[in-house]
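Going in written order, the chains are labelled A, B and C, and every chain counts its residues from 1.
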Amino acid sequence: MRQVYLDYSATTPVKEDVLNAMIPYFTEKFGNPSSLYTVGTVSREAIEKARGQVAKLINAQDKEIFFTSSGTEADNWAVFGIVDALKNKGNHIITTKIEHHALLHTGDFLEKHGYDVTYLDVEPDGRVNPEALKAAITDKTILISIMFVNNEVGTVQPIKELAAIAKERGIVFHTDAVQALGNVHIDVKDLGVDLMSVSAHKIYGPKGVGALYIRKGVQLSNFMHGGAQESKRRAGTENLPGIVGFGKAAELAYENLDAHIKKVSELRNYFIDQVMSKIENVTLNGSKEFRHPGNANLTFEFIEGEAMLLYLDMKGIAVSTGSACSSASLVPSHVLSALGIPVEKIHGSLRFTVGEPTTKEDIDYVVEQLVEVVNKLRSISSVSKTKGW
Amino acid sequence: MAMYNDKVMDHFMNPHNVGEIQGADGSGTYGSPVCGDMMKIDIKVENDVIKDAKFKTFGCGSAIASSSVATDMIIGLTIDEALAVTNKQIIDELGGLPAIKIHCSVLADHAIKSAIYDYAQKNGKTYKGLEGFDPNADEDEHGCEV
Amino acid sequence: MRQVYLDYSATTPVKEDVLNAMIPYFTEKFGNPSSLYTVGTVSREAIEKARGQVAKLINAQDKEIFFTSSGTEADNWAVFGIVDALKNKGNHIITTKIEHHALLHTGDFLEKHGYDVTYLDVEPDGRVNPEALKAAITDKTILISIMFVNNEVGTVQPIKELAAIAKERGIVFHTDAVQALGNVHIDVKDLGVDLMSVSAHKIYGPKGVGALYIRKGVQLSNFMHGGAQESKRRAGTENLPGIVGFGKAAELAYENLDAHIKKVSELRNYFIDQVMSKIENVTLNGSKEFRHPGNANLTFEFIEGEAMLLYLDMKGIAVSTGSACSSASLVPSHVLSALGIPVEKIHGSLRFTVGEPTTKEDIDYVVEQLVEVVNKLRSISSVSKTKGW
């Protein structure tokens, strides 16, 4: 049976070239990068090379890149680091209702510790209204954190415009660019952001390595305390092969960016067109124009996402859903909720993400199976267009 | 070894002018083992020219390399010229040192001054380059924090 | 030229079997463990298997193991997690002067945030005096953190006795067992500890993965906030291949523990005997009896450690030093200082750690080269036994 993975926003396989770059650093070139002897300095140089590769992908200076263990850690560091460093300046943070949990739950934690957190509403397409941001700023605002590209619906934010608002008011601006990296052009200098989180496993690099871009001159407290690694700003023996892999993945993403965007967006558009023409009562969630090139978040009315997901899995197809039924807490997707999508529709949502290995044949297969699955589940369902919800 | 350049490594692995001079005309010690670096330098002087210099150093790679290159540099110089040698010149001669190791070159520069000071004391001489130099001054300048 | 790595306490190479176990999880079996489809559940199962392997090595229950990105993160989590969870109970922490920086710098950070931290002195052999611990406890003490095995001098602490003191007073007890894992027998149930940090890269597993043992029932706040991974206690997409590698390394360490201890301690003892008989004015730092099986921390008087380290590196030998000259901050080893060793002797200290791949021929080569290096540097040195310091 054909296996079609269409969940590249959840994670990506490591590319062959990336894995090959990593392998030597597990065994022969395994030295601790902090060690002074040759076995250590070889490792140090490998890390510095990777730093350059990641920096280049976002047009940062090498020394503005600080490796972490994940996008999650980068998000935690950005937020905790700023609120601690600026605690005498204020206790108010602004973020959005559609952030990744790495931001939202950090916000929740801070709210329990005396901070005020504003979670901005978004427009129906998932975009933040710059006027809403302006209106939310107070004298106590010390950090604005708005994600670059949303992981569920793929909406791309006007980061440059939002960062300019922060700059005008002298407020630190952070963006979670975990989904943006390798999928949209990123130039930190042009964007004017102070802090940016990225993660390797979304760009065909390994899981368990990320980075925080810290614009030169931005002061923030450390999050991970200990050894003198990463210019004394992030402690812990470096994940050497992981960092090397991130570097290689970033290099490939840099070289391949335009072709990647073209390829996945064409396939994604073809997929959406096919689905729309073959299945009724389907809607596309999010923005048409400002969208992650591989993302198709669709609602199939009258049926439930987890059921679709399982059926598709039986046919070798991997996708995800915003349905409450699939979440550990039985809460429907906070992102789709924030877009104003009614709960019953959220239940019927599926996220498909096209990636580099995806082919047209894969898409055709998925469309074919999807038609079957949707028809089957609709035939079982107690709701329908005619019967109503 | 990426920490030091080849020239530093060469002076460290094969240091020049190691040892002591029997009947030295001047002898100076600078630094302290507590700081991790202590250099002793002996000089032989004829007609105000340094004819020979030898050193012994307790210290790291860059302290040993600085000692080696500094003694090389002063052999053949007049006292006034030797007094004008700065740690910056020592670093340049070595083709650069890591920032954190700059203080090791200061050690060599001070040890030379100490040896000349000893020579001046023994021979009742005064040199412009020694004005304000105190061989027993606090060593805060070379970075020891102990 | 022979290459002899004798710095296994800094990091270890990944074993061939461990790497082979990891490889499939980069490419084919790359699914996000949180995903519901098969590609994801395969990953989830791999993580649960690894959890069991790590648990077995320390006699914990599987669900008491929480994977982190490093030993450093486990230490940070333990400390921040407890002080936050118990902030209404007190603000006093007890640890020691010889902890790893992951503990010490976390302590420094807390001191700047209104906490009191007691750093216990140690005996000249590096052991904590249980009476000193008892004397340091106050009504406000909420956490005692004492490392199991020291990374520089290898001293093994009487953890069971120290944990019992904590328990009697109802205080949470954490131990940093990063150096202990795979090198001494560990039975968390018998020891009676509440929290324990471990790291994969010290036991021939990969860098960038660690774990915190949390005894069932111990409450502590989260450190890494975000997704629902690790039973909602540690967020971030799991480092899947890293965790699989940690599991495999733990399994091998478990099977091999007695043989490993015997082998490395015999070689280590042979090394010390050889050095002592061939080089004068050498002292062994730390405890003879309560010691990491592979550790030999020696002071070579009248010469400086970084210089020795560089010479040895030229001869293909990798070791580390506690000398101030080798540290980024020019501060001599805080561990050797706490043992009461005079600064000039700390400058001449080298740490050798024997590991599994080490052979007798390696040791003979190192001894031979060491004799040469020490003689050469002593002939250059301005200090000696006759001249004095």
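Here is the rule we go by: contacts are C-beta pairs under 8 Å (C-beta built on N, C-alpha and C of every residue); 3 or more make two chains touch, one makes a residue touch a chain.
Computed from a prediction, not measured in an experiment: that's the story for all the values here.
> Can you tell me which chain is nearest the middle of the complex, judged by mean CA position?
C
> What chain lies farthest away from chain B once each centre is taken as the mean of the Cα atoms?
The chain farthest from chain B, judged by C-alpha centres, is A.
> Taking each chain's centre as the mean of its CA atoms, how far is chain A from chain C in angstrom?
Distance between chain centres: 34 Å.
> Using mean C-alpha positions as chain centres, tell me how far chain B is from chain C in Å, no decimals.
Going by mean C-alpha positions, chain B sits 40 Å from chain C.
> Give, as an integer number of Å, the spacing between the C-alpha centres of chain B and chain A.
57
> Touching two or more other chains, which residues of chain A qualify?
Touching at least two other chains: 36-38.
> Quick one: which residues in chain B touch 2 or more of the other chains?
1, 3
> Which residues of chain C touch chain B in the complex?
Those in contact with chain B are residues 302-304, 306-307, 310-311, 313-314, 323-326, 328, 330-332, 343-344, 347, 379-383, 389.
> Could you list, by residue number, the parts of chain A that touch chain C in their complex?
Those in contact with chain C are residues 5, 7, 10-14, 16, 19, 22-23, 26-28, 30-32, 34-40, 69-73, 75-76, 100-103, 105-106, 108-109, 199, 201, 206-209, 221-222, 224-228, 232, 235-242, 306, 309-310, 312-313, 317-320, 326, 328-329.
> Taking the touch rule as given, give the residues of chain B at its contact with chain C in the complex, in rising order.
Of all residues in chain B, those touching chain C are 1, 3-4, 9, 12-13, 15, 18, 29, 33-40, 55-61, 63-64, 100, 143-146.
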